[in-house]
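The same subunit A turns up in both complexes below, where it pairs with subunit B and then with subunit C.
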Partner chain A sequence: MPEFPADVPRAALPGQERFVAPLDQTPLAETGSFDDSRPPENQWKEAWKRLRRNWIFWVSVALLAVVAVVVLLPQWFTDLDPTYAQLSRSLEGPSEGHPAGFDRQGYDVFARTIYGARASVLVGVLCTIVVTVPGVVLGAMAGFYGGWLDAVISRVADVFFAIPLLLGALVGLAIINNLWPDRGYWGSILTVVFALAAFGWPQVLRIARGAVLEVKNLEFVDAARAIGKTRRANLWGHVVPNSLAPVIVLATVSLGVYIVAEATLSFLGLGLPPSIVSWGNDISAAQNQVRSGQRLGVMFWPASALALTSLGFILLGDAVSDALDPKSRNRE
Partner chain B sequence: MNPTPLLEIEDLRVAFRQGKQDVEAVRGVNLTVYPGQTVAIVGESGSGKSTTAHAVIDLLPGTGRVTGGSIRFDGREIAGQGKKVVRALRGSQIGLVPQDPMSNLNPLVKVGRQIAEVLVANDVAKGKDVDRRVVELLEEAGLPNAEQRAKQYPHEFSGGMRQRALIAMGLAARPRLLIADEPTSALDVTVQKQILDHLDVLTDDLGVAVLLITHDLGLAAERADHLVVMYKGQVVESGPALEILQNPQHPYSKRLISSAPSLASQRLLAQQRAEVREQAQEAAEELAEEVAHTDAEFGGGGDYVVEAEHLTKVFTLPGTAPWRKEDFVAVDDVSFRLRRGTTTAIVGESGSGKSTVARMVLDLLKPTSGTVRFDGVDISTLRSKQQQLALRRQMQPVFQNPYASLDPQYSIYRAIEEPLATHKIGSKAEREARIRELLDKVSLPWSVSRRFPNELSGGQRQRVAIARALALQPEVVILDEAVSALDVLVQAQILSLLAELQSELGLSYLFITHDLAVVRQIADDVLVMEKGRVVEQASVEEVYGSPQQEYTRRLLDAIPGGSIELSR
Partner chain C sequence: MAWYIGRRILQAIPVLLGSTLLIYAMVFAMPGDPIVALFGEKPVSEAVRSQIEQQYNLDKPFFVQWLLFLGNAAQGDLGMSFSGRPVSELLAETIPVTFKLALMALVIEAVLGIIAGFYAGLKRGGIFDSTMLVTSLLVIAVPIFVFGFVMQLTFGVKLGWAPVTVGGDASWDRLIIPAFVLGLVSFAYVLRLTRTSVVENLTADHVRTARAKGLTDGQVNRRHVLRNSLIPVVTYLGADLGTLMAGAIVTEGIFNIPGLGNLAFRAIQQKEGPTIVSVVTVMVLIYVVMSLIVDLLYAWLDPRIRYA
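For the complex of A and B:
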């Protein structure tokens, strides 16, 4: 190992002479100066900027925009009545004015697919709302106050969490269908919503509770307490708003999940009654034709509509999750 | 004849790709390291010091790449020569001690195995030799019981021990150059000193050259022969360490040296401090009279605004079984008094219980026993909402982490308005006027008020936190490591701002810190804590001049660059 020579003055070593950069090449900024040219941005705005840059977001927006128009204004797409049966045209193929042909009962398949969107999306949206609100409120309280309140809420949630969503909803709906067979349009929709929500809220609760546990230990919560804010004001003013990001991600993804769950229940004959036009019912009715190979189109239309709608919501959930939590983004 | 340089960096340029643009992080850096020499790169965060070092071993993070210049190791060009060339050098010729000892060891693999991997990968040892060598290396790095330690997992090691293990790893293959990237900035000062001393001895013995990267000028000057000061990706000044320290030429180096707390002149500081204290005490008396007038609760404290007596806090931790609990005494019989208009510093290493004391004084945490009196009133007797709010008005905190102490959802305006709104002070127009005044006090432009915390730098956020704490015109401000997370220059600014505010508003500070160097600039009385107990309690002059306790002396010794004389 070469020794550092003691006799050579250190400053004289080539490459280590005293060097001072000319000031005009290294201008000094004022310490703590800040850039005032950009408009102010909070984190939601930043998230929106990231969302806007994402292709997946725009694909999901395109899909969901179509779905929204179909739900709100089905008459724009077809003049036919989805509940008008022409038995004489049972299982007839596509023809002029009937692009998807007819099913076994002689209903127009295209019209039924269009009108079926409403029930599916309604169940999905209502379910998400009914699940998220109590999930966040209870989860936030459990996480923030802790102690026995947390123990009680969490254990009750665990009981519901232990029962599989579809199984629980199936049993619940079987009982309700027996007791009140005829509940009308809204009655039927709301029963399905609550049957699913009863077993869906613990998931939101767990996520919200976890987020609150993390946020409540941050220093700004202590700082707010030191100002004299009450614990309750702290919870709703500081902790919950900062815990919402993961809940929003979960909610967007679960929109798609609940739409599929409703279709599954209806397919099994326990969801919406046959009097309500819905994709699940139509898929269920079409299975015989598929099995006997009579006409695949009857199944194809409602099934694709269901797949594309839930895909739209799940893609949206994906994009939202990337935008709200850029650290977890999986990049090349 | 001159020796041949070991590492020569010439006109190095490194850029990171951001979207479709290249952002240059290192612009034309020149640097030479001779065999056996210690060279330090000093700069604040974002100056490009780490990037330069990582470019040498081709470990640039993310999209970074070398865009120009040359890096020669032992006369051979290694920049842009493909992965193979550099990989052959890594470990065997150039070792690395990374910054964060917590995240740089694999938690699932025994420490000994991780060092063995280095030995095997570099063909230094084979078969049975490996284990023997691992133990030798750990011993060499200063770990007692090396044989047993090698069989332990990283979580069984303290921070200092992990850093020793990483040093052992960096030196395992006997490299000729060791790159130490902020090797001790995550550690307590006393541990930092031990580790750096040991590293010095080791590298001297082995004749290893060290490229030390640090933000601490005092530390760099103490350890290095040659100093390179970087600022915004450029070298602004370089040369022999002492020469730069005593005679800085570039305005940035001048600024750095005058801001470094460990290097500042003692006499000058004592004078400045005395002036501040005099004014502050005067203003504080006026303030106390005013408070006694408006708040019926307070006004009996005399000279002391906060008095803590026999404070003890015991935390109950889960034991070996759910029905067994263990007691952990975080704070053990701590008493002190805070004189009006002065600063009392509580100094200690991590785990000494200093922050727990602060939280008890703030009434955010109930003491297990003991009392805190504010202005003569035991705060545990203030239980009505009215009384509580009255106490809150008089005592406000500023916390350590400028990134976590402001709610990211609140604009700066709302953040400063919050205390006013909570206490229902003033109309909307009056509040706005008050916020203007407060921002002005902490030297922030009014335009900041529309911004959100994520748009501000650490120093700016800390200013906002101070403005917010001052909104209620408190008598006491509790500064819990309020300047510890900031770069030196920003730290100096905030400290002088705090002193200014103290003399102007008559504030009394309780200043919690692990950094004794800072204490001299701001404090009048010092409380040194170790493991929950007060080990020394005296005025600043006494603590610095004639520390009574071994522990205090150790803390003082550990201040990097504390012993360097500046010719000023």
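For the complex of A and C:
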């Protein structure tokens, strides 16, 4: 290597020029001016800020607020009894006090639509809870601990995932309907919930496991370990809360989808028994009137109520997904 | 590659075994005596009963029955339906019908979904985009059988353009309306997936490069945006074939199509164990095979993905 003359700076070696701004021009103060007096905004607060500015969010909130009132206080909307049949008025059109007319059995369609909300929403909400809790717990454990635990949990989930939801739920309901034919309101609702949940949880598990796998190697998890947190505390205190975003989106959207699934099961005759006032049962009962073109209103009312409710949850899921996904900030 | 395929097939075996075991256990738990069901009104003598029990292995413990079922199934013998016909024969009759229906639904949802999603993504925020987004949400929110009834009433009863029910003759033209109904929900997902993907690709570096080198808008959109946007869509469509075949249970009921879904539904109602187990096994097989194909397709479409 040749000796460099003392007056030539080393940085000036040909092909190796480095363009470093002179020290006196570098605004060193800038890096120090970062405001660290307040803690950084947490991701939920930031998401809430974005959510508030989204009109879709407010539309879905308005829809769901109406649904909630109808579910809790149906007597505010109608004085009529949904289980009181006047066969003499079968399929009568709308009249004073009966805005939606009567169905084939002579039930008031409007009253049934109002009272039917409870069963549908209950199934949707309970199903989502029953699916999400074990899905997140097992998914988080599988993703975080890995190894044989992951292998076992994932394979068991695969077994349930491989069976189509509707088909599995139908077989399950066929069994329970026979073993336990008369099981009352809550018994029937819970049966449908568990039949759907039995084949729905692997989807949550997969999403939760994937999210945990992404999060578990980030710096803040190492930092928590460095300050002496146990693996378990780290998992439930740091990893899980930071991987919930995709699970929340899935839960909101699937709430709407489970409401539709309940209606489908009731339509196939294996969901809720006909004694329970529900949208699925009413739509199913109206099929002959629609097929023959006799009176479309009989199906229109429960079907629209169902569609609006499920739409409310799906819109909410959409809005939440936009708010929680930082990538979408650049997109919109 | 061969290594990867081999490993995937090995992984699929426990899933397949587990799913059949699960559904077999559920059917086993079904109350009711299959022998009584077989004889209907007629009384069954003890001798005949024990003979049938031996013939169909009903006297053996659950686990042995399951293993025997697997062994017979591997040889093509899936047992007998209550009507006395081999289940394999019933499957051979119904699978082609449902496959045809699902394939038509897949083509319809793919063509409509990709075209609509592509234009919605190009003109994001426009009237067409908003209309399509609202439509797709409505389609997901309304139960499929409501659409089925409306289509049946409009095209079958009122306009008379299509048969009200399909019945025994499941030819292509008679299946168009049911296939449309079946593919409707997936159409909404294809549309949304294509749209998101197009929006993401529009700002990608390779698209900017393509514009910079002087290609026209049409060339850029078709060759660079659309083609790259289709990767997630194609994989979704692959996985959807199995979902469509399973979802056909409702569509086939409404339009009275003699397919796999109809067979499954009747079997569930009549608690016909061998048929239920066989139909579910077929569904699981389709799912396992399709997810393998999708994973391989993914690597072929996106060369960045490598299999270890």
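Keep this in mind: the second predicted complex is superposed on the first by the 288 of 332 C-alpha atoms of A that agree within 3 Å, B and C clash if a C-alpha of one lies under 4 Å from a C-alpha of the other, contacts with A are read in each partner's own complex, and residues count from 1 in each chain.
Keep this in mind: contacts are C-beta pairs under 8 Å (C-beta built on N, C-alpha and C of every residue); 3 or more make two chains touch, one makes a residue touch a chain.
Note that the structure is a prediction, hence the values are computed from the model and not measured.
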Touching partner for A:307 - first (subunit B), second (subunit C), both, neither: second
First (subunit B), second (subunit C), both or neither touched by A:42: first
Touched partner set for A:179, first subunit B, second subunit C, both or neither: second
Subunit B versus subunit C as contact partner of A:287, first or second or both or neither: second
Touching partner for A:256 - first (subunit B), second (subunit C), both, neither: second
First, second, both or neither for A:219, with subunit B first and subunit C second: first
Touched partner set for A:227, first subunit B, second subunit C, both or neither: first
Intersection of subunit A interface sets (partners subunit B, subunit C): none
Contacting residues of subunit B [partner subunit A, same complex]: 2-5, 8, 30-32, 34-37, 176, 206-207, 225-226, 231-232, 234-240, 243, 249-252, 255, 359, 362, 364, 388-389, 392-393, 395-397, 399-401, 404-409, 411, 418-419, 422-423, 445, 447-448, 450-452, 454-457, 459-460, 463, 465, 468, 472, 489-490, 493
Residues on subunit A engaged by subunit C in the complex (per definition of touch): 155-156, 158-160, 162-168, 170-172, 174-175, 178-179, 256-257, 260, 263-264, 267-270, 280, 283, 287, 290-293, 296, 299, 303, 306-308, 310-311, 314-315, 318, 331
In the complex, subunit A residues that touch subunit B: 1-5, 8, 10-11, 13-21, 23, 25-26, 28-29, 31-32, 34, 36, 38, 40-43, 46, 218-220, 222-229, 233, 238, 241-242
Residues of subunit C touching subunit A in the complex: 14-16, 18-19, 22-23, 26-27, 29-32, 137-138, 140-146, 149-150, 152-153, 157-158, 164, 199-200, 242-243, 246-247, 249-250, 253, 264-265, 268-269, 271, 276, 279-280, 283-284, 287-288
